[in-house]
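Next up, some structures in structure tokens.
Presented sequentially are two complexes of subunit A, the first with subunit B as partner and the second with subunit C.
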Partner chain A sequence: MEKIIEILINGLSTGAIYALLALGFVLIFKSTGIINFAQGELAMVGAFVCYSFAMLMNLPYILAVLIALVIGALLGSVVDLLFFRRMVGEPMFSTIMVTVGLASIVTCISGIIWGHDVHSIQSPFTDKTVAMGNLVISQGTLYTIGLSIVLIILFILFFNRSLLGIAMKGTAEDPDTAGLMGVNVKKVHMLAWAIGTMVAVLAGIFLAEQSFVRLSMSHTGIKAMAAAILGGMESIGGAILGGVIIGVVEGLAANYLSGMELGDFHFGDIKDVAAFAIMIIVLMIRPHGIFGKEKVERV
Partner chain B sequence: MKTRIVVSSFILLGALCLMAGGTWAKEVRGVTDTEVKIGCLVDLSGPAKYGGPPIAQAFKDCVAWVNDNGGINGRKINLVVEDNGIMPNTTMKAARKIILKDGVFAIGFNLGSAGASAILPLCEENEVVLMPHGANKKFFYPGNKWVFVPHTVQYSMACRAVEYILEKNPKARIGMIYQDDGFGREGLEGARAAAKFMKSKLVKEAPYKMGTMDFTPHMNAMKEANVDTIVLWTYLPQSASVIKQKVKMGWDVTLISNNTTGVPPLFALVGENADGYMLVTPFAPVHTDVPGVKRIKEINKKYGDPKKTLDNPMYPDYLYLAGWGYIEAMVEGLKKAGRDLTPDSLVKGLESIRDYNMGGLCPNITFGPKRHVSSFSSLVLRADGKAKRFNIIDGFKEPKTPQ
Partner chain C sequence: MGGNFKVSYREDMALFQTLWVKVWLSILILLLLLAPYLLSRYQLSILIEMGIAVIGALGLNLLTGYTGQISLGHGAFLAIGAYTSGLLTGKLGLPFFLSLPLSGLMAAGLGLIVGIPSLRLKGLYLALGTLAFGFIVEYILFHWDLTQGDMGMAVKRARLGDFVIKTEKAYFYFVMIFAAGAAICAKNLVRSKIGRCFVAIRDRDIAAEAMGIPLAKYKIMAFGISAFYGGIAGCLMAHYQRWIVPGSFDISLSIAYIAMIILGGLGTILGSVLGAILITGIPHWITYLTDVFKESYPALSGLIVDFKLGIFGLIIVLTLLFEPQGLFGIYRRVRLYWKTWPYKY
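On to the complex of A and B.
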């Protein structure tokens, strides 16, 4: 029983990071219609910025996180301004390829600035644990889960209750009509990129706390995209659920299936395979994801 | 008269042919009267680019020292270092360049076992001696005329790790986390073989894909299996992640790993939490006072850049030492091949090396006609978290498990 609880808690922690990254995907997609393949790279940049301020400049960890979030928001705005402002309304394949190119550029520049080594961030939670009977959980895990839940609730409220959130949803639905209704579409797009990047930066910092800061941490973006698709690309609740499902399934697969032997057949690491297999099965049953809705156009 | 001229012409032509034939027979790629070209293929741009510069530096230092001391059998070494990008396709490109364009006589180092497998047919076709570095057991067992491995391989190191644990505690419950590729699986095979030989077994095996950094599930699986020792066939970032996870779980489990993780950056990543982390390696730490290390430190001081290399506390020194093991084996093979240097004479020269003294830097080098691997021995080191260095806790020994 304790093992299952540990797997679930750790799966939730990993899932929370996927969920935050997936939330960034959904935020940008819902507002601008762009699927951002550079989300993982933006998370990696955020983690490196936090590392630079916390470890190289010895600023307090919380201050380093806040600076990284501000820089993340600025970076998102600049990305919108430089790359995507003129791409609005262009074919989806073109915008996707621009984000793929952006991912390569970001990785290359990060490699030049920070190098290809692995670095460690010391947060107030690093190496600290909470014991509950025989159950030992790291403070970092609990902090990731707790803060992610708070952020996710705030985002749900923002999109459903605030005027700006509703404007962002409306802009994604029909930018022309939203513009006619007085919504500043360009501003909304820039805001979506800024918030989406901030969320990615936070996910990157959580991820760095759990493992290390490194260029390859951007690969987590693919898992987060799978989470967003699994949940339904336009649903915030779906992104969260997708992230949690993938995190928990990975944990269960790694614990119970990886390394298993059936006769002479030796299973390797099937953690990633299991997560994507679940995504494929769900999409075969619900092609638009768990919370995704099929668009019906009136003719 | 006419007949005499015709006969003389034929004799002259025959003599010229013989002379020319003689000259052709003596022409060996990469060998002139004054120099011999040796190739070194290392990763300077790919995923293992951290490994290339220290190895290349060791080759450069050693070659400068050998040449300064008159070369080998009257020939200076002309070193050709080429970036192999570690991948099979990039390694093939680099090998083609140094063999077919630069015309090297032999390849004294190739980083990456997949790349070495890819270029092996090219080396065989062109009679090029190849010294591969990576997951190497397949390169000397069953063996290949042109391949020599001057290094204790992962299989032997894994055997040594498991035997060391079981000798200390025959009832140890050993689990293993390994990279799911040639490197990790060679370690797994060695660990399994040693456990079986010692009448024990690995109670849990957990593979991971290259690049994995979250070891929560793997460590949970180990804890669930109630292991008290985990053998890690991982690279540095993954070992650091496992140590971090161990601390997170508040679990006092013994960790023992391989040579690739025994570098100073481990302390930068996990600090004092590295304390007690053990590893098996064929290379002595550079702070040790053995003659072999002293010697290369002096050479590095004279021909290299010690501030950036051996005196730099973050330098991946084992790679530099590994480079020395390879180039010294090649130099000794060239010496033994004699002045009449051909691919066959180099093979014979290498095969005649017996117990070449490395001064405690790494195991002494021995090759033979039926043995193209230099050694099966390794040391066991233990991390001192406070001093941020590794200390020898068990000297050079061969595993008892059949190799």
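On to the complex of A and C.
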């Protein structure tokens, strides 16, 4: 019983990271209409920046996180300025492919700067645990879950209550009309990229807390996309639920399925493809996700 | 506009539209025939790689460029072709002339299965679905004893009857015949009813359906044909390298193929060929350049792997931003400019 609860809580904290990444993803999609395949790569850059400041320059952890967040916001604005400002209104194929290209550029530059080694960040939560009865849970896990919940609530409030959030929603719906209504579309797009990247950076730092900092952590971005799809691209609530489902399923798969053999097939690290398998099944049954609405298309 | 008017349907349907196209093609064929006698083994091996890439890129362009279905998992179809042929010739002892079409058919069969969700999915969803398919194929190859995971698998030499294709020269001719055949088939396909249906689906699928084109049939057909091309390319690659590992068919291969068709020009046959040649050539160019500077900067040679993917990404982004029609668009503009020179039109 304890084992299951432990798996669930760990799955929940992985899920919280996926949910955060998916949130940044939905945020950019909701306001610019661009699907960002480079979300995981941006998270990786954030983790590497935090690592550089915290471990290589020996700055306090909190300060390193803040610097990483600021750099993330700058990076997001630069990306918008360089690539996506002129892509507004282009067909979806082009925008998707530009983000895919951006992902490989970011990976390439990070590989050159930080190399292919595996690093870890020493944070105030490292190796500290909380014991509850027979349960032993690391502090980092709890902080990840707690902070994610706070951030998610803030985002929901932001989108539904604040003027800027509503302007973002309007811009996604129809950039031209939003512009005519007095919304500064360019500014809104840039802000969406900045905030979206900041969220990604935070998710990357949480992820580094749970495992390591390395180039391949960018694959998490695709899993987060699976989470966003699972919930339906349009909905923040859906992204969160999708993230949690995928995190928990991964935890269960890692504990009960890895190491199993089926004939001459080894399951091995099945955790890594569980998310994709779920996603394909969901796409086949309910292509627009759990909360997504089917779009009516004009011919 | 250039004065190339057609007065009969026969002319409009012609495979090679003008005399000059025929002349240039004969020069190209002559050069290819002579190439093994003029080039070194290394240069020949690059040409073989390019020929294989042309086949794969044609397949992806039929799906993405002509039918408008995004596929981020083209590398997986190459993997399926490579492993199918490797296993058939290695474990079952099937002759190569049977395993080659079978590997294409195997890939096509799986392509049809991937194509089924495409009936409901579009754009982003399809991109993610095919991406996930690529990851799952890679995962299966890594964890199946039959394919020996990341240890890799040895593949026999290609042989036709008693003739073993041993030398680079023989394999070069062999691959070139297939590449030319693939290009002609693709060119023929796109001017037929099927090709026109593909284009109609790309331009507006709902309208195409309203015009009486069965979407399901043609979308799935596009996936099947594209995967078939991929499978054949994978099979040729496997028998050329004679050692295959799952890692060489990962997402970066799919991105390389996407870079090929975007750089060359979406929805053009010539574009796929040009793109495949350039994108395959670029890593060799980088190797060549880093070799020159290796003396002074020894750290450079380790960076080549990073550079490759980054440069492909940069090519995709820059092409889409500044020349969305790719090299073919530039070619068309230049041709029009000289045709009407010194007038504007």
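Definition applied: the second predicted complex is superposed on the first by the 286 of 299 C-alpha atoms of A that agree within 3 Å, B and C clash if a C-alpha of one lies under 4 Å from a C-alpha of the other, contacts with A are read in each partner's own complex, and residues count from 1 in each chain.
Convention: a contact is a pair of C-beta atoms (placed from the backbone, for glycine too) under 8 Å apart; a residue touches a chain by one contact, two chains touch by 3 or more.
Note that the coordinates shown come from a computational prediction; the quantities given were computed from them, not determined experimentally.
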After lining up the shared chain so the two structures overlap, which partner does A:162 touch, if you call subunit B first and subunit C second: first, second, both or neither?
neither
Using the superposition on chain A described above, determine whether A:251 touches subunit B (first), subunit C (second), both, or neither.
first
Of subunit B and subunit C, which one touches more residues of subunit A?
C
Contact-wise, after the overlay, does A:177 reach subunit B, subunit C, both or neither (first, second, both, neither)?
neither
Should A:272 be classified as contacting the first partner (subunit B), the second (subunit C), both, or neither?
both
Looking at A:14 after the superposition, I want to know if it touches subunit B, subunit C, both of them or none. Which is it: first, second, both, neither?
first
For A:134, using the defined touch cut-off, is the partner it touches subunit B, subunit C, both, or neither? Pick first, second, both or neither.
neither
With both complexes superposed on chain A, which partner does A:101 reach: first (subunit B), second (subunit C), both or neither?
second
I'd like to check the shared interface: which positions of subunit A are touched by both subunit B and subunit C across the two complexes?
267-268, 272
Complex interface listing, subunit A residues touching subunit C
35, 37, 83, 86-87, 90, 92-94, 96-98, 100-105, 107-109, 111-112, 222, 225-226, 229, 233, 264-268, 270, 272-273, 276-277, 279-280, 283-284, 287, 297, 299
Counting only contacts in the complex, subunit B reaches subunit A at residues 49-50, 180, 204-209, 211-214, 216-218, 220-221, 224, 236-237, 240-241, 244, 247-251, 265, 268-271, 273
Parts of subunit C lying in touch with subunit A, wherever the complex brings them together
64, 68, 70, 72, 116-117, 120-121, 123-125, 127-129, 131-133, 135-136, 139-140, 142-146, 204, 206-207, 210, 252, 255, 258-259, 262, 303, 305-307, 309-317, 320-321, 324
Within their complex, subunit A touches subunit B through residues 3, 6-7, 10, 14, 116-120, 127, 129, 131, 136, 138, 140-141, 210-212, 214, 216-217, 219, 250-251, 253-255, 258-259, 267-269, 271-272
